[in-house]
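The same chain A turns up in both complexes below, where it pairs with chain B and then with chain C.
Presenting the complex of A and B:
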């Protein structure tokens, strides 16, 4: 209990400081009482007003800037009523300046920043020219939009004032030098990164070892222990490795996400440069899907599948270890660019032609190579799991007797296995484009960027099902156990999963509805996509029916599964908006899409994985997790999760685009600067950021829970929840080999049908049955 | 989950099937039987470096996976640093000082592979688990794995063919444009450097080939034609190796020598394939009456944006075409196939060595069979690649 209070206090403190943080962002006062001449344009621009913008010394803007250098601009206008002599003139002119990149710094009290845009103050309203400092970004061209208002000084905005607008551009420095210099120091960075990461891992690993047995801590005891972990091919050990790696990258991806959220918390922010922002959303997507979600799923699959089907290990243990080690090895390549500031910046989808183009960072090449290694990893894992499930079920277990989690892993691995080679070939083509300069996606040589989209999404859509279907399996297991009955409609569950797996191959075009793909294909994809809802709906109703006929016990994993039902269904519903082609043209690449896939990926996959952690942790470690901390985690996370992602639907509908470094809001309701958003967008974004931090930090509750219970948790019995698949037969943690004699599957009804009903119920449903304790 | 079988019946079935499940006991060929009982089977961890004692089942520890994985990282890092596309996307900038990293990476991968093989050398067919359930009842699990692996390989080549078909069908043929006097089929003029399609077969089997001294086909087709036969014959020699390994009428020494020879023949044929491929790509030949320039000399390269295309039957007329896309699809598709042959060669080196050491016998011949499945697949792919890229 003491710990709970401490954690709560720290959480509260962090939350409070986070809520205060946005207000520390520069926003000089006086927004309300400025006579803002600039936002009162009336009518069309006037030709007698001409805006200008030069360097401070009067010379023209250079065509290229030097990264990081600070320039002083002098800008303003000539002509119009502002330059006429008017008696008792009150104001002269105003302006508004938007810079797409770099940082504007105020020089005097005649100018101010409002919502990321530079405008004049009351003092500055009496001038015709102003000046400001601008610090150049590291890359990308910089565009300036200058709007000026030449006023007649009668204090009534609008009538008689003339305005005009001009664009100014400063180009990025030539790309050649940048390319070579950045890849040159990449190597130092790579090796220091490898060294640093290995060192950190080694230290934490040594600590874990030390904690296990503080007395006999010595190198001679440690060396075999660590090399056992590095070389093990045991499915449980490899599963744990997957799990640790997945959790590690889950935190890395989370930190990246929080930095993205800080950047978006207020309009016109420049916490991250545009350049960094591109890298961050790329790495966030890649890390979360390929290095967090999939390894975590693989961790559970490794652990649980052989136990559930009564196999001694996977079919190819060494290949299994190889599949794992390709993950951390590939992750180095995926991330290595970012340390030198030139990480991949093309999005997790790696759309062409930008990916094969010079303007994307050198890190993109390494990213492609790293992805290629993950493709190899998935292929090896695929061979292993498909073979294991096909060939190594205990002899008494037919296909239709396999537990649903195993079924889900089978379907998901099948989807992955058949689709990922297409991605792999696309990656090889792009990688060769970027290295030896083949022309696959080079439009000037006739290459077709859409070919990449087809290869990618042929894999990409099944991929999203690859990460959700195991969550279906987990939820099926958890809900059945928690409802203290068998799953409702087992067969329809299996067919629904298989159906989803099959259909996922013929719907992928729904990601390309706006891409200029053949119209008839769009129509086909619309219909097939909508058809996905049918098997998905079957599953959801089966889960509801399971609970309806059962009697639910509210464990932490139950709560997460219930949360999953709510959020996943919401995500599925938002998904149904997109296949309608006209609707998608409006929604594509907006925050509505971001909301959708986070509802299915976080509310679906991650909630499912959390349920699995709470459900199988006792089996994996032999220690019970703390249910109170679990409840706390669930409540905080579930609420903040919805606060985090629900408003994104609204933002998307309002027109906030995804993958953009920042956004601007309208200075007031009359403002007509193209691309600006209604003012409430800013408050929603701050709200989202606060929730993001709460959600992110709540994960630490779970990590704490895991670590603490590992050290001093209650010992877990073999079957703490009353589950009845094979993994609950063996002790917690299971011995190696898991089964001395392969278990036999028998019909529960026949076995217990003749017994008194209470006994049967008691045996299956009471969590802490002394009988089950006895099995331990 | 229900079954109509009674418990008794199930136990009976299990007892029957358990006999074939897990460790299958066979008399070892040159028995150095140790006295570890069955009860030790899974408590054993073994040596991560090899050689492995397969009496105890599959290795529980191996350094190979981690070494190979990080070797691949180093290799790919080095490769991507050594070759960098230039700013015009039409050539590669070669950074020679990164080349050592590529070699180091390659060496690390090979050393990982050696560890893997060192563990495998002692494999004598004792440990060959069989599939328990439908649909692969009683089939060796490794064989099931191999077939499943080929499923993925099928998708790899399907994707390459997708690329090929997309570009081949979607790009106008240079010949048609030339026939049309430098005009696209939609009537727009062709300007020098535009992309259009010159198939690889134009250089290999088409009108561009200098001489037809061989009655049946042009000289440039010679390497490809020999290769086709080399691969088909090598598929046959693998089968012979398997057949020989299964023969019980030979004494072990003679049988081992024969297996080695057949596997060696396969190895030589596979190497011949790659060598001829390199000759066809980069070297060309000029032997007696046979003369054919390499594809490189012909200007069929991934960087050629101004190929002087004279086509067939047009006297002096020509157009300057960008054939990079055609070249890229050709080299990458046939190159991926070549990489598979190379993978086969690496496997064959190990197997030939193992045969030389007398590692194969009727009780331990299935490894050759599994390699054969892979090799037949590679052969089959060539039978598709050859007409699609060399003849059409």
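Presenting the complex of A and C:
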């Protein structure tokens, strides 16, 4: 293969710049240091100015601090123009001090706090040294960044003024005594868990390889086998890769969630520091949405959509493989911050200005870069699926003859494809703000933090529908097949999905009802958000009607679909409380919101995906899953799931606020002030934590089931459940290419020749256009 | 008070009632159908003659489908209608929302990592006062019962959101934007203020107390 040198060079340059850009963030204020130094008096630093920082009595800073103790610092500078004798001097110098932890307290009127940083006042700029009180934090090392100006006293900036910057460090108490080694550090636990999950993945891969052919268990046989997987562009293999990656990160995200729950199980817990807690809930959100839910959905879309529409592969197989391989790369960037203890700590929403603020971790830059790669991945996948579904349906399949899962994937990638550029723009702006100090979100330079909220939620709201709509498709397929009926109201199902997709773009503001958005806009968002209930209601009632007159065959995927109906309906109902603005003012940012979106995202998307796993696993592997283990998984998971998330509604109504690393319960029944939450909140939180562990562990039943049946499950027939769409036509697992001759779809309704009446309603609907079919 | 009080409770009750109604219909239907229409053991009938590679015959009922477009829509319109009034209490000038001739007093609340600053302007100590709580050492803002206040919210660094927990009232304080919150306290007591918009390490510790006196 001829290597194009120019393209290689450009790629190398792009990769190098992408890798270098975040490291410039090593200085806390970005490369030109806008936030952290008083550089206003001079363009360049000078070595003749030397900053110093000592304790109040003149002795050097101790290498370790005592937690909670208050120290008095004396600091300032020597040298430079400020120390020279200049007649008619108006001032001598200034400073800026940033402490990464602990609390600075002003001692006199020569200093002031601006934006969390200590600086001098107009009184204080006649001095060369200042003092301040600092209260030590409970843990973690404290870094001080001192920037000083030594000025020539002409009261105007110019080359006569010099500045310098120094770092001072006080370490955390490390000796014997105070600190205990018995309590596990949160980050260590997370590493161990991720290593464990990775090890499980590797063992599973090796085991599957061994069982596939026990005789040739050697590296020389393994290398081509694994390289075939890693370089394949076949939609089924890429789908499996998506699926395995998604499941892996689902477990990682679950481990992070469990650690959050340990922290919250009792009030005032110190399992995680607030610093770690903030990274953990950020990563939980990002990992679960972008690295677990989306790849799992993509895995099924890759596998099933080409089979369902009778195509041999996706339209762009190599773009498909690239879209997948951007995922692991992006996930490493997203997680690498946390490996160094400085992961993104801004919440998955990454609200501004905290994301570009000096107090957020350097890992936030990596996190933004990683998400940018996922934006690229989603865009490529979107192009691919839209093209495939539009152009590669088997010639006899019209739009209104597509299986509902394919329809749902189509609607969902349309939403994603249209909304994700907004997110990409927001990420690029935030990335530039952090690295080269642009000012998109910096209010002091005229930036607007609400711009991010708008860009993020313009994407973020369609995004949650992007992950729920494929679950609608899955449940439609599963319920109809299990009821042994055709789906009730196929057309209204399609229009409802399209309607939800459309509405998703005009409701996003309900995430921002308390964010300072214009009041009239909040009213608009309230009206549109209320409207979401109508198409969603249509779908729920249609599913229920599908069961009418049917004969429900209970299998594991049937149970998950029925479970989906329960939890998704509950999540939909609790969602109706938010658009009503007066109630949203109360419920916003409380655990009621947490309960709601976990009811729709776990009870909706994840339950739908579980149903899909049990439904299509025989097709994907050719092996039947164990129904008894499936039943056990469903029962344990469904009960513990409700025990996990239902009480959160209650906590939210009591006023428990989300993203708090701890909570304050009433000290006793006579005091309703200190900590407002009633004492029962503590018991409910312990209850939730226990259920979280049961729910988390129940997932391992499914994983075990999948691995065990893969090697010694019963052989699956081509159509084990009695579905109608093309994926059941081919053998299990399907051959490559899936179809030798493109299959022909017979529409029973057309054969009967009835129901072809023209009326105003059918004219409005999408016709089965013969010309369009001819395009294929 | 304008937010978090009566309006919220009334709305919540109505929404909760209708949630119950919808829940009973859906779950009643679901439970009935999942037991009544289940297959007998080992029996896998083919009711609609589903066959692989054949688009199954349409199964629908236009009247029913229209019914469950129209009925939920009516409910939604009703719920939207009852939400409209209370919504405007939160941001608007009381004279605009129909409380004629009401005087109001402005109090500044500024958020910083990680504490609240209250600014009483030049109001009498009876109307607005800032102090320190005896037991906890938290900052206390004391205001008078049955007086309308406009809290002018601002932020010195990142976005915060003062959340008066027992009232259920909150609004973001965004740097560079001035937001406000209308309150007319109608009960006396001490209330907890915390921060509802994630603002960094000590987010959970960003607390203060609001005291309402006669």
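The definition used in the following text is that the second predicted complex is superposed on the first by the 534 of 776 C-alpha atoms of A that agree within 3 Å, B and C clash if a C-alpha of one lies under 4 Å from a C-alpha of the other, contacts with A are read in each partner's own complex, and residues count from 1 in each chain.
By definition in this document, contacts are C-beta pairs under 8 Å (C-beta built on N, C-alpha and C of every residue); 3 or more make two chains touch, one makes a residue touch a chain.
Only a predicted model underlies this, so the values are computations on that prediction, with no experimental measurement involved.
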item: First (chain B), second (chain C), both or neither touched by A:386; value: first
item: Which superposed partner A:490 touches (first chain B, second chain C, both, neither); value: both
item: First, second, both or neither for A:231, with chain B first and chain C second; value: first
item: First (chain B), second (chain C), both or neither touched by A:200; value: neither
item: First, second, both or neither for A:514, with chain B first and chain C second; value: second
item: First, second, both or neither for A:401, with chain B first and chain C second; value: both
item: Touching partner for A:552 - first (chain B), second (chain C), both, neither; value: second
item: Which of chain B and chain C A:537 touches, first, second, both or neither; value: second
item: First, second, both or neither for A:357, with chain B first and chain C second; value: both
item: Footprint overlap on chain A, where chain B in one structure and chain C in the other make contact; value: 357, 401, 444, 447-448, 486, 490, 744-749
item: Chain C - residues contacting chain A, complex; value: 3-4, 7-8, 11-12, 15, 19, 22-23, 26-27, 29-30, 33-34, 37-39, 43-61, 64-65, 68-69, 72-73, 76, 79-80, 83-84, 86-92, 112-113, 133, 135-136, 156-159, 161, 163, 165-166, 168-172, 174-177, 179, 189-192, 194-204, 207, 209
item: List of chain B residues in touch with chain A within their complex; value: 1-3, 5-7, 10-11, 13-14, 17-18, 21-22, 42, 45, 48, 58-66, 68-70, 72-73, 76-77, 79-81, 83-87, 89-93, 95, 98, 101, 116, 129-136, 139, 141-142, 144-145, 148-149, 151-153, 155-156, 158-160, 162-163, 166-167, 170-171, 195-196, 302-303, 305, 322, 324-325, 327-329, 331-332, 336
item: Residues of chain A defined as touching chain B within the complex; value: 175-176, 179-180, 183, 186-187, 190, 227-228, 230-234, 312-313, 315-318, 321-322, 324-326, 328-330, 332-333, 336, 356-358, 362, 365-366, 369-370, 372-373, 376, 379, 382-384, 386-387, 390-401, 417-422, 424-426, 428-429, 431-440, 442, 444-448, 451, 454-455, 486, 490, 736-737, 742, 744-751
item: Sites on chain A touched by chain C in the complex; value: 101, 113-116, 274-275, 278, 345-347, 351-354, 357, 359-360, 401, 443-444, 447-450, 481, 483-492, 514-516, 519, 522-523, 526-527, 530-531, 533-534, 537-538, 540-542, 544-554, 562, 565-566, 569-570, 573-574, 576-577, 579-583, 585-590, 655, 657, 659-664, 671-676, 718-719, 722-726, 728-729, 743-749, 752, 755
